[in-house]
Amino acid sequence: PKVVSGPGAEPGCFKPWSGETKHMQWAKKPGPYRIAIVNGFVGNTWRIQMIQTAKAYAEQAGMKEKIKELKVVSTGTDVAAQLGAMEDFINQGYDAIITIAVAPDGFDRVIRLADRNNVVVVPFDNVLDTDKVMQVNEDQLEIGRLSARHILKELGSKREGKVLEVRGLPGNSVDRDRHLGFREVMGKEAAKMQIVEIVGNWDDGTAQKATADALAVHGKFEAVFTQGGSTGTVRAMMDAKHPFVPMAGEAENGYRKLIAKHANDGLKGLSYGQSPGLVAISMKAALSALEGNAMPQLISVPIPVVDYTTLKAGENFWPDLTDNFFAANAFPACGVNISAPEIMGKDAKNTQ
Amino acid sequence: MSPFLALSGISKRYGGVRALENVDFACAPGSIHAVLGENGAGKSTLIKIVSGVVQPDTGAMTLDGAPVRFPTPAAANRAGVVCIFQELSLMPDLTVADNISISDPPRRLGLIDARAQRRRAEALLARLGCEDVNPQIRVRDLPLSRRQMVEIAKALGKDPRLLILDEATSALTAADVEQVYRMLARLKEEGTAILYISHRMHEIEALADTLSVFRNGRHVETFAKGQRTNRQIVEAMIGRDIAAQYPPKPERPRPPPSLEVTDLGWAGRLKDLTFSVGPGEILGLGGLDGQGQKEVLLALFGVLKGVTGTVSVEGRPHRPGSPADARRAALALIPEDRKTEGLMLPMSVGDNLVAASFDRIAAGPFIDADRQRRAIDEAIRRLQIKVGDPGDPVSTLSGGNQQKVVIAKWLMTQPRLILLNDPTRGIDVGTKQEIYRLLRELADAGAAILFYSTDYDELIGCCDRVAVMYDGRIVRELQGDAITERAIVASALNIEQEADPAHG
Amino acid sequence: MNALTVQIRPDTKPILIAAGFILVILGVGTIYTLATQGAATLLSPAYLIQQLQTGAFLGLVAAGMMLVILIGHIDLSVAWTLTAAAMTATAVGGPWAIPAGLGVGLAVGLLNGIGVAYLRVPSMIFTLGVNAVLRGLMVAQTGGFAPQTAATDAMRFIGAERVSGVPVALVVWVAVSLAIGVILTRTAFGRSLYAIGNREAAAYLSGIPTRRVTCLAFVLCSLFAALAGVMLAGYSTKAFQGMGDAYVLPAIAAVVIGGTHILGGRGRYMGTVVGVILIVLLNSVLSIMQMPEAGRQVIYGGVIIVMLLVYGRGERATS
Amino acid sequence: MADAITADTAPARASARPAGSGDLRLRLRQNAGLLGAVALFVLFYGLYNLYHPRGFSTQVLIQNANEILTLSLLAMAQTVPVLLGGLDLSVGAVMTLVNCLASHLVAGSPAQIALGIAACLGAGAAFGFVNGCIVVYGRIQPIIATLASGAIAMGLALFLRPKPGGKIDADLSWAMTNALSDFAETYGLFEDGKAAWFQPVAWIPVPLLVLSAFALLVWVPFRRTLTGRTIYAIGSAEGAAYMSGLPIARAKLAAFTLAGFFAGAGGLFLAIQTSTGNADIPQASTYTLNSIAAVVIGGTSLLGGTGGAIASVVGALVLRAISFNFRIFDVPPLLQPLVEGLVLLAAVSLGALRALRAKNRLELFR
């Protein structure tokens, strides 16, 4: 692709990350296109929901006719297999490859081959530490920051005591960025507060156990920032009869249910979403690039965030649906409006 | 002639057990030196010390007059001391050739030379008249008797100055034994010193120049061939006089059969056998090793799949799908290899004894501690098993006592039909005699007994009838006085009796 | 003296050592809390009870794992057996939730048992395959049917509730433990496990129904894993993908630290209980000390090796 | 008496040779497992290439070669301890450790790079050696010893790379992950790979050469040393091996050292392929478990004594070839894990046929 100057197509949806973000343009190709999604790990709800979203989105009017073929494979946590799959799809002559990288580095070779064959590669969610491909993500640093701001806002003037930070998967870039963003604000505005850090692996079970331990030892926390497994974190506090406190966490439906239920008891919660819907935006971006439009190299997707004041049943959370899926899934600005129940509610049909 | 190897004041204890007690011992080059003793007399321990497997607690060894210590078998081998152990030391998954040259294979450029190795194996096997054994075959696929021959070939390959055979012939057929005799004779000519351990008196007679008797870990006496009668020797071994070795066979009409086998066949290895045994009867299975005798026992015990023909026990049809079924039908099998098939070696003597009789010692779903203890004590007493505490691992018993444990385990189930697969292998005269008596008692108590043995004397001494097998068939059934060495051997070789004895 | 207890007397040493090490862990943790909070919270009943509660889940998995290890096998499918049971239970919901979950355990156990005992595929690898299949099933099910994942009240009760301060989960664990203790020492089945673990051929020729016993061992293992899953779902009020991942290796480690021989035939159940408590406390204390992942891994591995070295080096292949 | 018996006893001896087995048939029977694996590979890989738009082309071969190399090396690593009758649960972790190490060392001047590569291989071997010491002198069962040491290796890896990153010499990455011609071109050999004599081999993917090198220059000779032979002997019957005066300790140490070496090589290549270090715990265990699966599919007995590293490579190829097909055939994405699991289960259960055929049940207890 050649580097061009902005603005790119649909800036409302494909928002450049920052002022410096460069734009890229690929040679226009005739549609309809063959698109491959190379997923890594598959054994969790978020990934499953992502795959469902991708398939649902590809069926939507406006997309359907542009996409000749959508192939989805999950390679597991094995970088060699993921690289292999991507290269294989390049060899098979696919037009675009959308992927969640299992590692933020090591894709140089694939990118090189993709450029040679004029294939559009779009990493999202776990993005790459490179500016050679078009990437789609939410600003993880910002997520950390706004979580901190929310907590401080809810704490009012209180600026001492302990804050619990439940981190994600060690070594993962998303975990790293959210953490840095959070610490940045806390460090500036509430230096006196002691932050207790535990590892929750974005997994309810781990988060719950780790939180329980922390509560048992540290007794009382003024506020909680959890990166995921939010439901587990809250459950642990409830089991330990810990009073509800201001909190920031992920977009699990279960967590939003809890906020809605206990907001008045003090669970002044914020719920941001790393949405599986990102895949849809990535597909849209890939198509747009294939159609020859100039695209931002790094696309910043607006962070879908709600708090206890803006929660609405049936709109941004679903009391009668399961806890596990991720409620934030619709991006009006991009015309991506696959609400979570729409796909997680479906039955066997959509595994076909 | 000055001794090649001399031990002085050697003692070895295993926990409480005194395996060897202040033993002086010597053996000379160019002679065959037999070591005799009951089970647990300390023979194997002596051998293990000489060949560096275990270290003596006290005492010294000299080789050619120079003091030596063997920290490992490797060291002993380097000094020319080579041992054929009672427990085979072959690697079942490696080929015969690999095994024979295992410790220092022929090499080219530091890499093992497969072809040379194979030729070497062929040559050594030829020296034992085993040309038929394919050096490329896995030892796993050889019958026990051939394995022992390979074992011997392996030892020869190390051209020993002192060759030790610890019951190395216990599973050999008479024919193989003959080959081994020749080999030993040759080595003797060449001036090799030979230690020979066996419980078979006739072998000792045929071979030994010097004999040493051990008892309870002590060296009782050493004397030259012919200075003692067998009877005296046995007395020295077990410290008491043994009367007739075999109990008298009762004179009675042949009982109605309780086990009836018709046209038994299996996988081309068993070909329509038909025979029957009645309560109180001991039916011997004779013949060269590997003619299907073991398979017959296994087939009856439900181990083999795809058995054809009809079997009935006490009138009821008998088609066991597993030993568990067989046990329920009151069958018992004393298996071929006690170490791998008869015993759970690391477990206690007690646990091994009750392993086949949980139902007998259980009250409801739970095992009754007292019943168990009583059962165990009873069993130990009945077979006079030499054991410190029933809680000791059975691995610490000597070969003979281990075999007793296996038998006792099955007697506890009060079997009506007992299958024995070479039960006296590696067992001393005294114990053998006990076992023979035991078998007869069991028979008189109404059990039917099927008894395979590689030892002709036994078959002749114990059995009411002997069915001689050849190539999966019963070629001859001998009865009463017709049971003679010659008759058995002749039918075993499937040659008519008149055939004149071959050279040798 | 009863023959069996004589046989396992040497197996008592590891249990004592492990128990001692538990005290060490608590000591170190307490020093830390004293230094940071100025309170010995780790010694408070509240904390210990809570550890036992969360330990109960690992305890159940380890209990089953031990039965399988005793016969010289291993079950790597517990992770997704646990998850599948939990997810099935919540999906079925209502009064049938728990039976359904246990049903899954039963089925998986039978499959493993048949594969290992009848087809004689090495357990290591067969259970690995079964684990993959279960994972596939759960992914397909979640994707396809968006099953309900909320734990029923009954599951909540056995998983999370407490009666007069005692976690029900703990009670269940204790009950199961007592049962296994008796089974191992006082029943033909238990004895057969040891026999098979020591020498399967001999056990088989002794008329022990080795295949059935092996099968049963795997069934029990999966059943306990399933039970743990159902309770864990109750504890965290819901079932979710991968909830069992954190249980396989710790379970094996607990069994081995408890003095059970990894190749089977030897070991006392008491040891497994102690091993579980040790592992749970170790993890908890490390988490409390905010030990970075790197440090945790090293300590975790170091502890296992050191413990086994302290227990004394195993005997050689021949006496 | 003895005289009577020396008449010809050939019939008895017949039992020594299973009915009419020529040496070839013997060999085949002794390697049935491997043959099965080869058949599976031909099936899966054949299908893949037949339906691949660019089937049987160099690009496809190169891509596949890159994908299989690391797993193949780990399968070889796993094989050695397995032959011993043990298991090495640390191979994945050692791979990761070396991968992280390489991301620090393999860059800079050619000399530095060479040194770095040597250091990485050395590190792998060293860690394996430590495993060996724990097993031999600590007398801890391999499976559990390596379970623990694996955790330690993982910890060290995380110390080296708390988060993914690092750099590998770009030329090296490119040269090692492409055809021989690109290699020559990158380093200006053989007239940039244009030399006429060079063309016939120019298409060969470098990873395949690397793999062959490890197999033929390391494994095959090793297997024919006394130490190598001893490993088989121990796996077959340790007591007997000891009685035969074989160097037990040396062989065990060598086995684990070699395992570490191969695992390290795997990690090194992974680093070269991805030009980063990444201490990814799930990935480490994925590789460990796959290595075991590969060994089993290759027909090596987990009880030890029989089999070989080359067979395990075939096993690894089978594993990879299975997943290749998901990129060709339309398997619903959310059913793929299930299908993969079922195929794996089926593949490893192939050995069961033997069990079902055995007519003497005692043979099953080996």
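Note that the chains take the letters A, B, C and D in the order they are written out, and that residue 1 is the start of every chain.
Simple rule for what comes next: a residue touches a chain if its C-beta (ideal position, glycine included) is under 8 Å from a C-beta of that chain, and two chains touch if they have at least 3 such contacts.
For clarity, every value in this text was computed on a predicted model and none was experimentally measured.
Counting C-beta pairs in contact across B-D and across A-D gives the higher total for B-D. Rounded to whole angstrom, the centroid-to-centroid distance between chain B and chain C, based on C-alpha atoms, equals 44 Å.
If each chain is reduced to the centroid of its CA atoms, chain A and chain B end up 73 Å from each other. One inter-chain figure worth recording: chain A and chain D are separated by 37 Å, centre to centre, where each centre is the mean of the chain's CA atoms. In chain B, the residues touching two or more other chains are 53, 303, 322, 341. Residue positions 158, 162, 237, 239, 241-243, 334-337, 361-362 of chain D each touch two or more of the other chains. Multi-chain contact residues of chain A (touching two or more other chains) are listed as 42-43, 48, 51-52, 170-171, 351. Annotation, chain-chain contacts: A-C, A-D, B-C, B-D, C-D (touch as defined at the top).
Chain D contributes residues 1-19, 21, 23, 26-27, 30, 221, 224-226, 229, 232-233, 235-237, 239-247, 304-306, 358-362, 366 to its touches with chain B in the complex.
Put simply, chain B touches chain D in their complex at residues 53, 72-77, 85, 87-94, 98, 102-105, 107, 110-112, 114, 130, 132-134, 136-138, 140-143, 146, 154, 173-175, 177-178, 181, 202, 206, 266-268, 288-291, 295, 298, 303-306, 322, 341, 456, 470-471, 485-486, 489-490, 493-495, 499, 501-504. Within the complex, the chain B residues that touch chain C are 53-54, 301, 303, 322-324, 326-328, 333, 335, 340-351, 354-356, 358-359, 362, 365-367, 369, 372-373, 376, 389-391, 393, 395, 409, 413.
By the touch rule above, chain A contacts chain C in their complex via residues 42-45, 48, 51-52, 170-171, 196-199, 203-206, 208-210, 212-214, 216-219, 231-232, 235, 239-240, 254, 321-325, 344-348, 350-351. On the side of chain C, the complex with chain B involves touching residues 1-4, 6-7, 9, 182, 186-188, 191-192, 194-195, 198-199, 201-209, 211, 265-266, 318-319.
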